[in-house]
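Common to both upcoming complexes is chain A, partnered first by chain B, then by chain C.
Now for the complex of A and B:
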């Protein structure tokens, strides 16, 4: 296991370098001189322009620029926002908690709904409830998050008036949770769909195995059979899929936050795209991509820890 | 379901029921696809209204005989915009899948057929693309290189290559060990001939299923890019940008946003249903599920 883990961790390093290089290169490929974007049409002397170039690390050849940029990243210096004239790291740190809360809340909702749903569907296979569950999963996986978010606002905030439509909410925790509920449920829908499908098919496989028949033959209560013997064994593939799903929630937050006006990392990205604020786009996309890579790494390690066959493949 | 005996005799019947439902689902998918494809290819058959014609005296009207789905803020016919908005999204999605297939299928074939170093080089390069969540990379590329439908579609096409290549590689690996491949080698056929004339036809089923699932995802991603203002640019009709537009006057008239959103959803549902149905039909292992 240690050997596999070491190899897998090492293999993440070139991926991370690649991610950082792509993020850097794409921003450099962007049309328009960054300095002129910063100035926003103001005319200043060539000397001052040169000074700004040095300040933003835009001098020298691209390779040198890349390494200088990487060097600054490791010191926690993500550059300065063109638009807001603030440290990018401060901006990101201020926005990060909202996004993390949103993701955490979504994952909790998704797991709490999807696993019981999948277990129920597998246990009552081909019943009306099973079909209803599959239909729900199909619709949930096919709905764009930004549409369900808008629909949610319309139904729960405007028509029923039970949930707030927009924003982060007041200082107390309960109000914040109420504000987070709609975005979190919207974001969770896709994950509920995929996780419940996975749970269903894993449970069906487990429930048809011999040890379940043995448990039935022993006369164990159905509940014990399904939950204690069935679910425990089906949970392995389900949990790994779930951790992979979290990676896709990262992108979902970009869409949900900008739709529902939550000031997290996601809406920071969409705002800075509108403003062509490249240092902010660069840093926040890089952060999400690194998080995604690390999640994949953790998933692989988890899987290998649970299933020895992976380690020798 | 309290005893073993209760599950076993009905097993065959249950399997049959599952497969039948899957196929009925595929038919439903195809039925939804018909109007969508008509809207993509011959939109003028379905509506005579000009999707870009503004009439500020008729801003944000509700449904009427003249405007079945009402009008949007500049007074444009919502139905006409939904119908004409099908082309950028659906054709865009088709191009995405074609690009990913044009590169992904040969790449997967070569990797699976030759194995060894060829395989590791090809798969390493493609894995690098998977380091980013697909939509995030697309957002980054389109936001920096240039907004617009063309960039969005090209970017997504490249981003979708690894999924297709991985699938083709895995099914090629299975075919590689079949007797007919050895027979081809013994007859002195070239590798190219074996790969493209003999192995490829056996992969069609898997590729078709993957393509229809990819189409569903591509529609979601293209619409998401347009929603963020990175895809189709105004004033041309497009589902994603309609939804984003309609958001600002949702309270006065929710119909424009809802129509666009439902259109996206139906298209995605249709391709998912067709994909699931085909898979159930083509993959005997799936049929037992």
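Now for the complex of A and C:
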């Protein structure tokens, strides 16, 4: 297992190099000059523009710039934000906790709702409850995160006044949870939809298989059949979808954070892309790529834990 | 003119859409607050993006100044609705007759937040720091003509110029002349102004914290030198970063946000005006929105084409649609009546003779035919961003007007930042832009020289119409080295007339700055140059 994990980590290196290069190239192809954008659309002297180009390392050919950036990266130097004049690593570390909290809270909500919902739907197949669940999933998956967030603010903060409209809250945990509820649910909706659908179809397949019939014939209680024999066998595809969804949550945070005033990694990425803040974009995208890679690895390792039939040589 | 009343009329006419329009609340009479100010309480303001720094050297935008200008202060301040200069950390200033020497008396006994006393060394250090090219200050250009700064005694600072500069005195009221604490800045180096250490100054509020991407917190400074004239009263001010306009407006409604300056979206003015707990007011500005052509390339190098395009656009209609029926008129100049800060009668007389290019499609058609190159307009693009409703509206309305004249103009939709990059880039990569500009100073030349002097057709320069007229260049440079305001006015008015005839831009709007404040907050009011000012000093709250 350790050897397998090591090989997986090594095989991620070319992927990460590719991602770093593509990011580097794409942001430079996008229209907009970082120096002019940083200076914010007011009067500036040509001397200052030239000086900032040198300071930002934007002189010379792009290939040399790329290798210079990679060189510093290997020494642990992520560079300095053009706009915010802080070390990129400091910025990312300051922003990361909010995003992790948000994702963790969303995943908990999503799993806690989606799996029981899917199991229920499979067990009561074609009942009214099943149809209602499907309808909910359809709406949840088709509603854009940005729209749901605004609608959530309007309904829960402005009309009902039961939740705060934005921000992280604090210092106590309860207030933080109250603030995170709306963004986390908004973010979790899409995941609930897909995961519950996946659980439902996987469970339907498992529940109609021979070993379930055998378990029924042995007279096991229904609860044991569904949860212990059924769910456990249905979990593999569910886990795959869920872990992929966590990856997409990272993307979703970009929208939710900006809309709901959370200063996490997502809003940092939005800002830095708009401001063409190259060092921040490059480091954040690389971080996301690392997170995706690790997530996939963890998923594969979890397979083995859930299903003893899967062994890695 | 009462703009608030104007807004209520817009609402009554139902000319604007709104998410929630309930009963229209009584308009808050901002600045005429009942009762006596009492210390204590806290407010939350919101800004639309993360500030660049708390270092005044990098405060040259609409979001950094809320904190920066509460912490550090300039030598002079803008006063009288931001049309004049008044003493601040300097108690007086004198300009030599040749305009080359500025002698400032420095206020004595002013305390920094760390308890140390401000000295002339701090003042000299602060000005030299901004001038130092190695720092790369965004406002360094304001002091470009300064040759030397010295302190002959403990109460005097002398600024010597290499050539006279009519705008230098205004720079002394901007972030270019904020007095920083020499010891603190030197001790913190590159970290100065970042969330790690913040900043200290002589201002009414102290730095408490800055959580990256989330908020900045300021606390009242009880040792403030000017506390006898008003505040500070508030215990704390929280400046919350909220990029989404709808969320800011929702925050006003729920009471989580008390104070929005400038960043109230214009398509939600009606919604905000209708809130019972919020007062919305507008203050005159030096800011305007306009369409600019790249006059260096055909067919925009043809004056008849430019005049035709000017006649084609319904500027009056756009002003009323986006900013209400009483919004100020514009004519073919960027020197709005608000900018007549000296020699007003002369400016008024000149205004009467300026063309307005009110929409006249027949005339536009005739000018297009006379030009002989109208067909070259087909397929030209107009760049605009959609995050500001009026900017988007001007772009769309222009395309529509041109199609009525049988000419196909393409929309080039960009982000705000891309638009900035076009407007201040090398000026050779667009056909037309819907642009905006606000003068940094209460001086008519602040809207003429950057936008129309040919020396500014460079990357970083604001001459986005690539307008080059030697006669205008000569007038604009000549007035800049004069100290006599009457003489300057004559030259500026001549330049303005030439520009109006050449029509290098279509001047569309000169909207007021919106200020939305929760009604429990008293003492609020802003001037045309609010972004250079200390906004929270005189605010207090009723419980």
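The definition used in the following text is that the second predicted complex is superposed on the first by the 251 of 313 C-alpha atoms of A that agree within 3 Å, B and C clash if a C-alpha of one lies under 4 Å from a C-alpha of the other, contacts with A are read in each partner's own complex, and residues count from 1 in each chain.
The working rule: a residue touches a chain if its C-beta (ideal position, glycine included) is under 8 Å from a C-beta of that chain, and two chains touch if they have at least 3 such contacts.
Please read these numbers as outputs of a predicted model, since none were measured by experiment.
Looking at the shared chain after the overlay, A:274 reaches both chain B and chain C. Legend: residue contacts after superposition of the two complexes on their common chain; A:139 is shown touching chain B, with no touch to chain C.
Of the two partner chains placed around the shared chain by superposition, neither chain B nor chain C is touched by A:67.
Contacts of A:211 after superposition: neither chain B nor chain C is touched. In the superposition on chain A, A:39 contacts chain C only, with no contact to chain B.
Contacts of A:84 after superposition: chain C is touched, whereas chain B is not reached. Of the two partner chains placed by superposition, only chain B is touched by A:26; chain C is not. By the touch criterion defined above, A:125 lies against chain B but remains apart from chain C after alignment on the C-alpha atoms of chain A.
Overlap of the chain B and chain C contact sets on chain A: residues 31, 150, 153-154, 158, 258-259, 270, 274. On the chain C side of its complex with chain A, the touching residues are 19-20, 49-50, 52-53, 58, 60-61, 133, 136, 138, 140-141, 144, 190, 193-196, 211-215, 240-244, 246-247, 250-251, 253-254, 256, 414-421, 423-425, 440, 450, 456, 458-462. By the touch criterion given at the top, residues 15-16, 18-19, 22-23, 26-27, 29-31, 123-126, 131, 138-139, 141-144, 146-147, 150-151, 153-154, 158, 201, 204, 213, 216-217, 222, 247-248, 250-251, 254-255, 258-259, 269-270, 273-274, 278, 281, 285, 288-289, 292-293 of chain A touch chain B in their complex. By the touch criterion given at the top, residues 1-4, 14, 17-18, 21, 127-128, 131-137, 139-141, 143-146, 216, 220, 223-224, 227-230, 243-244, 247, 250-251, 254, 257-258, 261, 264-265, 268-269, 272-273, 289 of chain B touch chain A in their complex.
Looking at the complex, you find that chain A touches chain C at residues 31-33, 36-49, 51-52, 55, 83-86, 90-91, 94-95, 98, 150, 153-154, 157-158, 161, 164-168, 258-264, 267-268, 270-271, 274-276.
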